[in-house]
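Shared chain: subunit A. Partners: subunit B in the first complex, subunit C in the second.
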Partner chain A sequence: MSDQVNEREMRSFSGYVRVCEKMTTGMLSIRGDFSSSEFKTALFKAVGTRLPNEKKVILAQNNIAWMSPDELLVFCDYAAVYKISKNLKMELKGQHHLVVNVSDARALFEVSGSAVREIVAKLAPVNIKALEIGEIRRTRFSQIAAAFWLTSEANLSIICFSSVADYMFNLLKTSSAQNSEVGSF
Partner chain B sequence: MLILKCPYCGIEADETELSPGGEAHLKRYGPGSSDEELEGYLFSRENPKGVHFERWRHVYGCGKWFHAARCTATLEVFGTYSAQTFEPPKEIIKIIKVKRPGWKWRDLS
Partner chain C sequence: MSKRLGKGGLLINRNKPIKFEFNGRKFSGFEGDTLASALLSNNQVLVGRSFKYHRPRGIVSSGSEEPNALVNLGENDKFEPNQRATTTELFDGLKASSQNHWPSLNFDIGVINNYLARFLPAGFYYKMFIHPRPFWKYIYEPFIRHSAGLGRAPSQKDNSKYEHFYAFYDVVIIGGGISGLNAAVTAAESGLKILIMEQTSTWGGRSIVDFPNIYDETSLEYVSRLLSELKKFENVTIRSRMMGAGVYDHGYLLGYERLNDHLNTDDGPRHRLWRIRAKQIITATGAIERPLSFPGNDIPGIMLASAVRDYAVNFGVSSGDKIAIYTNNDDAYRTAITLSGFGIEVPVIIDARVSGGGELAESARALGIRVENGKAISKVFGKKRVEAINICDHKNSTKDREKIKCDSIAMSGGWSPVVHLYSHCGGKLKWDEKLALFRPDGYAKPTSFDGQPFVTAVGSANGLLLMHDVIQDAWEGCLKVIQAARGKVKKKSPKETLHERANAPEAIWIAPQDADIKKRSKIWLDFQNDVKVNDIELAAREGFESVEHAKRYTTLGMATDQGKLSNINGLAILSSSLGKEIPKVGTTTFRPPYTPISLASIGGSARDDLFQPIRKTPMHYWHEKNGAYMEPVGQWRRPFCYPKEGETHAKAVEREINQTRSSLGLLDASTLGKLLVTGPDAGKFLDMLYTNLMSTLKIGKCRYGLMCSENGFLIDDGVVARIDEQTWLCHTTTGGAENIHGHMEEWLQTEWWDWKVYVSNVTEQYAQVGVVGPNARNLLEKIGGLNVSKDELDFMEWKDGKLGKYDARVFRISFSGELSFEVAVPASQGMAFWNDLVEAGEEFGVMPYGTEALHVMRAEKGFIMIGDETDGTVIPQDLNLNWAISKKKDDFLGKRAQERSFMVNPNRWKLVGLETLDGSVLPDGAYAIADGFNSNAQKLTQGRVTSSYFSPTLKRGIAMGLVINGPSREGEIIEFSKIDGTIIPAKITNPVFYDPNGEKQNV
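Showing the complex of A and B:
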C-alpha cells in the first residue's frame, strides 16, 4: 500500500454537473469460475456479497461489479483491501483464481447533476438512453478504456486506469463545462 | 458504422470498442506440413465482397475473442458466435442462405 496516494489532493470541478475524483478507494480485482459453488461461497465468506448478475453492479456498502464472464471488481475501504484479499485468497485456495489489489492502479470518478447521461453521450460510443441504473458498461471514454454505471439518475461513477486519470479528469471537465449543455436528455 | 454483439457479455459494441483479428477458422499448419500448406496458412486469405467470417476481440470490454459473420459490402451482420468452434454454427449458415442465396466462402456455401 502506498502512502503517496493519500497525499494526492482530491480533485473536483463544477460545471453544469459536478465532477469529483474519489481518492483512496479500495479496489480488488477477482477472477474465477462463476459457475462454481465453491467460488460463490468463498466470495460470500470473504467479501460478504453474492455474485452480481451479468453486467450489473450490486450497490451496497461494498459495491461489487461484474466486469466480464470471469472477472469481478470489489470496491471497499482503502484500508480494508489487504484483509479482504487475504481472506479471499485463503477461501479460494485450491481453486483456479486470481485476486489482486488494484486500488492504486485504478481511478474512480463521481459525476453528479441532472445531466449525467449527457456527459457520457458526449464521450462514449454507448446507447446511454437504454442503460439501467446499476448496470455497468465497459467502453472507451474518448481514447481511453473506462467503465461506468449510474447509481441514480443524477449520480454516475466512472473508473479508468490511474495512469490515465489526468486525461479522464480533463475530459470530464471539458464535457461538463458551463454553457456546453446539449439538452438532449 | 459496424456494431457487433459480443456473445460473451452481450454488449452491443461499436467497431471502435473492438479489435479486429482477421479471417476466422484458419487451420494452423506447423512442423511436418508441406510448404504449400504452411504458405497457405501464413499468407492465403479470403478477400470477399459479400459474406465473410472474421475474428474480433472485445478489447474495450470483457476482453474476449469471438467470431462474426457479416457482409463486407453492406456491413450487414448475420450473427456473432463463440470462439470455441472450428466452423460457423448452423443457425448462422441458415440466416446467410436466406439473405445471400448462392453465397460461397472457402469450402462453405
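Showing the complex of A and C:
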C-alpha cells in the first residue's frame, strides 16, 4: 500500500472541550471465533495483543476494541495496516475469518477536556455516568451510528462512517460551544 | 387600581428597575418581576381578548395555569406567540403585545361576537356551517381561518440554539415545593442518583407565601436550609427553570429546561430538552386553585385568591385598592389576612358555606374584616374592570342583598392536585368527596415494564392540603420509592406535628346555587375559549354525555392552557346536568406536555447543517465547486448533472452524454454498495442470495447478479467480483447497500447460522470512479501502470495494481454501453485520483457526468434500474431476465415464489421498449389504456411507463415500460394517457435502443 494521498485538512475546534479529527489512523476490522485458542494466538502474534473482554477496549500501542461477539477493530498506524493485515491473514490461515482494512471507511474523533462525558450525554442515549474508562459503546450520536470509549476521564474517542464525518464534526462542535455547559456531572 | 405597594416583594430587587414595552408603551418593573406582576404594578390589568367573543381578559393566576395573560413576545427572530405573562420573567428590553384583537386591545371590533353570544352557542359551528354544502369552501372556511388563532405566527426564522441531554437517574422528583424538597432530602440519603427539578426560578412552592413559619423557622429559612442540605450530596442534581413536561412508558421522562428565556442574550442554548430515564418518578407538583363559577366571573380584576397573595408577597403588587374575597374554603382567608397586613382594604369576605370557616376565618375576623357566610356574588359590575358586586344568599338568589364597591375579587373554589404527570402514563384517579378533588389512587399508579408502580405523587399533588400532611406524605411516599429503586432506607420521620386545622370546603360548582339561565350564561368556565355553564348544559342536553365528547363539542379545556382551571368545574357541571356523580363522569385524558414546550426544543440541534446527516463521497466538494446540481440518493448527495453557466439541466445532461459517447466521461460511483462476503460457505451463501450462480465465478471475473426477496420480487442488482477462493465482492445499488447488508446478516444469523460466512460493508473504504467512453482506455494508459489492454483485462474482468501512484482495483464493466472501467482506490486517495483523471483527460475533452446522464445511457442500452423498472411487485422474469436465473440450482431465495400461479401467469406485464410516433418523450409513469372499463368505471389499462427520457444519442424520446405480453407484441402501437386527458400513441419495441450487439463496450 502506498502512502496515503490525502487532500482533506485535519479539523479541530475548541469550545468548552476540544474536538479533533484524527485523519491518519489505520483500522482493521477482524471477525473470527473468539473461543478458539488458535484465533487468540494468531491475534497475539500478528497484533501483539490479547483478546479484549466483552464491550472493552484494550488501550495499548495498538488499541483493540471489542465490537461484537465475533468482531474486533484494531487501531494502528495508517502505514502499518497492510503489514498487520497480511500477518494476521497468514496466522489465521485455515480458520474461518475476515480481516479487512477499513481505515478509509471510518472517521476517528478525539474529544478532550474535563466535560467530555457531558458532550456524549448531549448526543447519545447512553448512561454515560456509568461508563468505565476503556469501555466501548456502539450507539448513535444524534442521527448517525457511532462507537465511542473513554481513554481517560478527560479523553474521549469516537468513530463513525467517514461519509458522515462532516456531520459528526458539526455535532461535536455545536455541542461543545461555549456557554452551553450543562454542569450536571 | 392595581399598583406596586410601598413594601413587600420577596422576589424583586427594588434597586434594579427594568424597562420593558407592552403594546408599544414603555413600562418599568423590577428585577425579579414576572411580566404579569410588572403589568399589574403598572395598573395594566387588561392584557388580552378571549378567543370566541373577544371579551376583555385580565391576569387570573400567578403561574403556568394562566389561561388569559397570553402575549406575543419578542420581535423578529425572537418572536413567539401565546407566551404566558405569568411565567415570563422580566428582563431589560422585553417587548410584548396583547393578542386576538383589532384594532386595539382597548377597543376591539370582534367584541360584537359577545353581543351575538346567544346565537353562538356550543356546537354553533357544527350546526351552522354544514349547509349549504358549497358555502363551506368559499365562504365559511375562509372566514373561520381569518378569525381563528390567538397569537400571530412568527414571520422570521428562529436563530436561537436548542439541544437535547440524555440523563439517567434512580429517582427523579418533579417539583421544588415543600413536598419535593422533603422527598429529595429523604431520597438523597439513600445513596441513589437523584434529580430534582422545579419549573420556576425559586424554591419552596406555595409555602413561602402561605406559611410564615414552618416548625421553628421562617418558611424562607426552612426552604433554603433544605436546599443547602441537598447541595451537599454529590448524588443529587438540582435544576430550576426546568419543567417535567411528560412521563412516558418505562420511566422515560422529558424535562424542559429554559436556560435564557429570562435573559436578553443569545449565548448558549435557549432551551434544553432532558431525555431522562428514571427508575422511579416522584411527582411533587402541588395543586392549582380553582375559580368559582359565578355570574360575571371573567371580568378583568377577578383573580385566584392564591395569585392575589402571591403578587402581594412575592412582588409587592396589589391587584386592586379594594379587594373582595369569595371562597368556599378556608384557604382564601389567607389572602384576606395577607392583604390586611399590607394595608389593602378587604371590604368583604363572601364564604359560600353557611357554617363558615375555621381558625383562619377567626383570624380574619379578629383583624376586623367583614365576613359573610352562606352568601354568593350574583352580579359583577364593570366591563373591562370590576367596579362593584351584588351579593345575595347562596341558596336564594332572587333578592340581591347588597351592592359592595370593589375593584378586584380574589376567588377560591378549592384546589385541584396537579395530577397531570402522574396520569400521563396511566395513573388512575379517585374522587375525594370531602375535599372535592380528584387525587391519585395510590392503588392504581402507573406501572413500568415489570408491572411495578414507577410514578408516585406526594404532597398536594397527592391531594393533601395541610402542611404537616404534606411533609409526612413526602417522607412516606419517598421511602416506598427508595425501596422500589433499591436504595438504602433510613427511617427518620419528620418532626413533631404542626398545629393546623381547617374546616372542610363545600363543593360549589355554580353560584348562586339557584342561578337562572340568564345568570348561568354569564358564568365562565373556560376563560380562553369562552365556554360557559349553559354551553356544557346544552352539550349534555344534546347527548354529549361522555366528558371527552362534551369537551370537543364545547371546546372546554381545549385552549392553550388545556383546561388547567376549567376542567374540573366543567365536568362537575356536566355531571350535575346528567344527574351522575362526578367520578362516574370522570376526567378528560391528561396528555403531555404539561404546558406547551417549544417545537425547537424537540428538534434540538437537528437544524441547518445538522438537520439530517448527508453522506458525502471523497469527491463531494469537487462536485459542489464545479457547479454540480446535487440530488439526494438515499442519504447521499450525488451530482445530477454539472450545468455550465446559462445551461439548462436538460442541455447539460445532453452534453455530458454526447461527450461520454463520443470521447470520455467520468462518474463518481463511490456510493455504490460494496459488500465483502468471505468464508468457506460464501459461495453456497451467494448462490442462495442471487438468482444466478456465483460459486462458479472464476477468480478475477465479474458477473451481473439479481437478488430477490423470498416472495420472488426483485430487490437489488449489481456486479459481483470473485476476489479469492473464499471471497466475493458484491456491488449493490446506492440505496441498497445497508438493506442488503442487513438482508445478508438476517439470513446468516437466523436461518443459516451454522454457515461459515462473514460479511463486511466496505462501501466507504473506496472511492470508485467510472471512466467511460471510447477514450477510457487511453486515459488509464496515460495515467500508466496497470495494463488495461483488452488482452490483459477483458470485459467483465477485474485486476488489482498500481495505476499511476494509486492503489487501484480496476473492473471492466459497463452500465453505459461504452468501453468502460470502474476504478476503486482507497477513499483517502479518491480526490487526488479524480483530479489526476480530470487533468490527464483534458486532451480527450473529459467531462464529469451525473446521475441523469447515467440513467439515460443505461436506458438507451435497455438496462433496468432497481426502483424504476422494479417497484416491489416485479419479478426478474417480468424484465426478461430469465438468462440471469439459474436453472441448475436446487434453490435460491425467491425460486419457489416465482413458481406460484400468479408469477407464471402468461399475462403478466413484461418489459418492452417504447417509442412515441412523433419522437416526443412519454410522461414517466403514464398508463397504457385498454378497451373497456372496470367496475369503478375507470378505463382498463394494459401497461405503464417505467423509465422515460430524451435520448441525445437517438435524438428522440425513448422509454421502457411494462406491457401485457409485451415482448410478443413488438411493432404494435398502444396508447398512453397524459394527465391532461390526451393520448400519446407509442410503438412497442425492443428495450435495447443502442448498440444491441454490445460492440462498443467490447473493444
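Quick note on the criterion: the second predicted complex is superposed on the first by the 180 of 185 C-alpha atoms of A that agree within 3 Å, B and C clash if a C-alpha of one lies under 4 Å from a C-alpha of the other, contacts with A are read in each partner's own complex, and residues count from 1 in each chain.
As a convention for this text, a contact is a pair of C-beta atoms (placed from the backbone, for glycine too) under 8 Å apart; a residue touches a chain by one contact, two chains touch by 3 or more.
Quick caveat, the model's predicted, so the values are computed rather than measured.
Visitor: Regarding the shared-chain residue A:Asn179, is it in contact with subunit B (first), subunit C (second), both, or neither?
Guide: second
Visitor: Subunit A residues in contact: does subunit B have more, or subunit C?
Guide: C
Visitor: Determine, under the contact definition given at the top, whether A:Asn155 touches first (subunit B), second (subunit C), both, or neither.
Guide: A:Asn155: touches no partner chain.
Visitor: When the two structures are overlaid on chain A, which partner does A:Ser36 contact: first (subunit B), second (subunit C), both, or neither?
Guide: Neither partner.
Visitor: Quick check on the superposed pair: does A:Pro125 touch subunit B, subunit C, both, or neither? Answer first, second, both or neither.
Guide: It touches subunit B and subunit C both.
Visitor: Quick check on the superposed pair: does A:Ser112 touch subunit B, subunit C, both, or neither? Answer first, second, both or neither.
Guide: Once the two structures are laid over each other on A, A:Ser112 reaches no partner at all.
Visitor: After lining up the shared chain so the two structures overlap, which partner does A:Thr49 touch, if you call subunit B first and subunit C second: first, second, both or neither?
Guide: neither
Visitor: Check the residue A:Arg137 against both partner chains and state whether it touches subunit B (first), subunit C (second), both, or neither.
Guide: first
Visitor: Residue by residue on subunit A, keep only those touching subunit B in one complex and subunit C in the other, then list them.
Guide: After superposing on chain A, subunit A residues 125-127 contact both subunit B and subunit C.
Visitor: Which bits of subunit A are touching subunit B when the two form their complex?
Guide: 54-55, 67-69, 71, 125-127, 137-140, 145
Visitor: Could you list, by residue number, the parts of subunit B that touch subunit A in their complex?
Guide: 8-12, 14, 16-17, 60-64
Visitor: Write out the stretch or stretches of subunit C touching subunit A in their complex.
Guide: 161, 163-168, 193, 237, 239, 267-269, 272, 275, 277, 604-606, 609-610, 612-617, 635-636, 676, 678-680, 756, 758, 760, 762-766, 802, 805-807, 826-829, 831-833
Visitor: Where on subunit A does subunit C make contact in their complex?
Guide: Listed in rising order, the residues of subunit A that touch subunit C are 1-2, 4-8, 29, 31, 70, 96-98, 100-106, 121-130, 142-144, 161-164, 166-167, 170-171, 174-175, 177-180, 182, 184.
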